[in-house]
Amino acid sequence: MATSSIHAPSAGPVAGSRSFLSRLRNGDEIARVITFLFAASVVLITVLLVYELWVDSALSRHKFGLGFFITRVWDPIADDFGALPFIYGTLVTATVSLLIAVPLGIGAAIFLAELAPQKLSDPLQFFIDLLAAVPSVIYGLLGVFIVVPVMRQWVQPALKSTLGFLPLFEGPAYGVGFLTAGIVLAIMAIPYIISVSREVLMSVPRDQREAALALGSTRWESTWKVVVPFARTGIMGSIFLALARALGETMAVTMVIGNTPTISASLLSPGYSIAAVIANEFTEATGDLYLQALIELGLVLFLLTFILNGLARLLMILTAQRGSGMGHA
Amino acid sequence: MKRFSALSVLILALAGVVLAQGALLINGAGATFPSPIYSKWFDEFHKANGTQINYQPVGSGAGIKQVTDGTVDFGASDGPMNDDQIEAYRTKNGVGILHFPTVLGAAVPTYNIPGVTASLNFTPEVLAGIFLGRISKWNDPAIVNSNKGVTLPANDIVVIHRSDGSGTTYIWTDYLSKVSSDWKDKVGKGTSVNWPVGLGGKGNEGVTGLIKQTPNAVGYVELIYAAQNKITYGTVKNAAGSFVKADLSSVSEAASGASKTMPEDFRVSITNAPGKNAYPISSFTWLLIPEKFKDTAKRDALKNFVKWAITDGQNDAENLSYAKLPKEVVEKELKALSKVM
Amino acid sequence: MNARLKWRKFVSAFMLTMTGVCAAIAVSVLFFILGHLVYHGGTSINWAFFTKLPVPVGEVGGGMANAIVGSAKLLALASLVGVPIGFFGGIYLAEFSGSKVAFVVRYAADLLNGVPSIVIGIFAYALVVLPFKHFSTLAGGFALGLMMIPITLRSTEEFLHGVPRALREASMALGASKWTTISRVVVPAAYRGIMTTILLALARVAGETAPLLFTAFGNRFWSPGLGQPTAALPLVIYNYALSPYEDWHRQAWAAGLVLLGLILMVNIVARVILSRGVAVPRS
């Protein structure tokens, strides 16, 4: 549990009995107030952002109401806008990217933290961190020039010939589409998962591992059943980071997703995501309703993130293990 | 921790916290299409008299928005501002805004059909049909009829359009709206539209990339882009009935055809222009200059710039694959410059 | 050795090898990307690249000096905004706050993290550009700083939590006040993890284009002070990469390479200068 229950010795027998000013002379109280202000500013900024989005999308909200969520049309000329294809695309690409990035990332983090010697692990991590610095527009270009042709010529046809009976892999192989976007997003999200998970794994106290090994577990069992659960919240945190990246990525996605507002069960189909359409159309959007509809999409993404985060936290609370050492959501 | 903050204070000091002003800096924002020639012009202008004009190609829509908000000194757009936008500018700034055409550009149809290396002829009906999704195979009779001598396969057409809002889309859809009442009703014209069919590529680069990699694809790109990258593109049938290939002279001819009936404020669409050799999918691109400036130094610098750009500056246009303004238009613009106070 | 043990050992060896495969895949992707950048952009990197201003298309000899300096200024500003808020906020969450407040702050940080970068740019535009009617380095730094906050906050909290209670208690037992314990014992113990994620956050914002479109705006010339529009590497990459000119494409790749180099340097410098080498036993 949090260690905030430990009070400084000089807090006084009954904290409320001392006046605020005299408590202020105590350095700890100043520290508490100042750090609180910083933490509160985060909430303030987020609230301000939502407020700004809310106010700037008023026209669009009044015109479309709740229908915005289920309308499939996106017509800037007829001034008719709906969010459904973009919500769908955002969710699908985020899911695909996490399905790829999480196992790969955690696997690599385990390798770097547990198995690799320090001399190998540190430099490798250094370079993996650099992946996070590659500008998203370059990921997009590499996506267009490398990933898309590979998908179109080899991967997608192979998927169709083996698993083509599934509605998941129907339709022509364009190269661009949900699957390609998910793959590019996975590449962009992996550094965060590896970097943070590795650090967290390395900070698990050694006695946990040793206890498991002493009880006769194999190396893998001690890692998977003891160390990783101990680092659960940290690893989940890294997955949150990756998810956030996947949901909000603009440039790279728009170059490989096909930019067509369709809803299709097939991963080979081209699609669209909220962040991509905002990035594509915001700078050229003229007309208040159009602009505000785009901003309303931003608000919708915010709502999506809110719900997904909430679900994930719920999952964590429900599966919280006893004795994992860090049991907070 | 201490060393880190010392480092940052040092950086700040070096950067100069005081809001330093250098030489005269004028900021402009807008269309991406003319950005290469604008950057050349601003560079030459800077070399000639030291004025710094900083132009950023953030997009026509953003350019209109920024100049209306007052965050930049002038704007640039591939499509003229409509009446609502001009009214909004006037309400916000108390004065009007003027349009000055600078160069001409065009949108061309490009394609990638296995086995076809010839330059295809496209009629307006074919183009509208393809982009509406009504003509779905390359060996459709309408296409075959205008391309006797070319063997077209029975493959499905893959349509590629721009996903980002763009002036090129504006020109393309403006043309289609003029030549097809179906397109006008169903889709309309704009920098972004609700495309009936097709995949979206980001930027000219995205569209070209998709076309190159997708067999049986067809799309539209800027003429300068096609010319600089040596991409095969087709001819389009113009209002006079001839199949014209887009190049600098056919685009200029579209403008001179339109200059006779040009309105005072230069806001005119020249797609499907009259003229035997006029290329029908051409367009001006405009600088958006406020009618009144508070800062007289900026005003004079900009006026001098526009005067130079539409006269001497035109000599740079052809090297970069832009078509020059016709003489009649230049004369009208020089007169209109005096309106900027 | 019975059959079950054999199986468990096999699983162990297999899974551990798989983790090696995962790491190999991740690393080879990186080297592939780096290789591409070098291949495409390497030829454009010369001394002029680092010292000259850009020239129009078709002319030779230009460079990206203003974009490099601009990016450096923006990143410095972003750190000034993002790091203190994230770091001290994280300290509050880990050391002082109750669980309800912590829940809300963490949630807010995760939400902020998921906001598309272009929306952050629009937000910063409304806050810092529109009221002053001009674009500026300050606005760009502010937007990027906002994006650094969530990563810094979450990770600071996470790593502070990971410091064993025994350390804190030992410090208290010696009579140290809470703040002294935090600043002299707990933070140094968690320093490595925190530093890693701050640098990760910096790396992320270094490559962001969309937030800068409406804040830093871009500048063909030098940008004196902090109140003018400024060039930045990601903006230049974006403009050049999507242009029709082969020469500009190569410069865009080169700029990508330079950006990575910049981040690499910051990584090395930060770890060397700020390393205190505190050795905390792992048990």
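We just call them A, B and C in the order they show up, numbering each chain from 1.
Keep in mind that, in the parts below, a contact is a pair of C-beta atoms (placed from the backbone, for glycine too) under 8 Å apart; a residue touches a chain by one contact, two chains touch by 3 or more.
Here the structure is a predicted model, which is why all the values come from computation and not from measurement.
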Dominant chain pairing [most C-beta pairs in contact]: A-C
Most widely separated chain from chain C, with each centre as the mean of CA atoms: B
Distance between the centres, which are taken as Cα means, of chain B and chain A, whole angstrom: 37
Chain centre separation in whole Å, for chain C relative to chain A (CA means): 15
Multi-partner residues of chain A (each touching 2 or more other chains): 279, 282-283
Multi-chain contact residues (two or more partners), chain B: 58, 62, 202, 205-206
Two or more partner chains touched - positions in chain C: 213, 241
List of chain C residues in touch with chain A within their complex: 8-9, 11-13, 15-16, 18-23, 25-27, 29-31, 33-34, 36-37, 84-99, 101-120, 122-123, 126-127, 146, 149-151, 153-155, 158-159, 161-162, 164-165, 168-169, 172, 175, 177-180, 182, 190, 192-193, 196-197, 199-200, 203-204, 206-210, 213, 233-234, 237-238, 241, 253, 256, 259-260, 263-264, 267, 281-283
Chain C residues touching chain B - in the complex, by the definition given at the top: 55-58, 72-73, 76, 79-80, 129-130, 133-135, 137, 213-214, 217-222, 224-229, 235, 239, 241-246, 273-274
Interfacial residue positions of chain B with respect to chain C in the complex: 1, 3-4, 7-8, 11-12, 15-22, 25, 27, 29, 32, 35-36, 39-40, 42-43, 46, 52-58, 62, 69-72, 202-206, 222, 224-225, 228-229, 319-320
For the chain A and chain C complex, residues of the former touching the latter: 2-4, 6-10, 26-28, 30-32, 34-36, 38-43, 45-49, 52-53, 56, 103-108, 110-112, 114-116, 124, 126-138, 141-142, 146, 187, 190-192, 194-196, 199-200, 202-207, 210, 218-221, 223-224, 233-234, 237, 240-241, 243-245, 247-251, 274-275, 278-279, 282-283, 295, 298, 301-302, 305-306, 309-310, 313, 326, 328-329
For the chain B and chain A complex, residues of the former touching the latter: 58-62, 64-65, 82, 84-85, 158, 163-166, 187-195, 198-202, 205-206, 209-210, 213-214
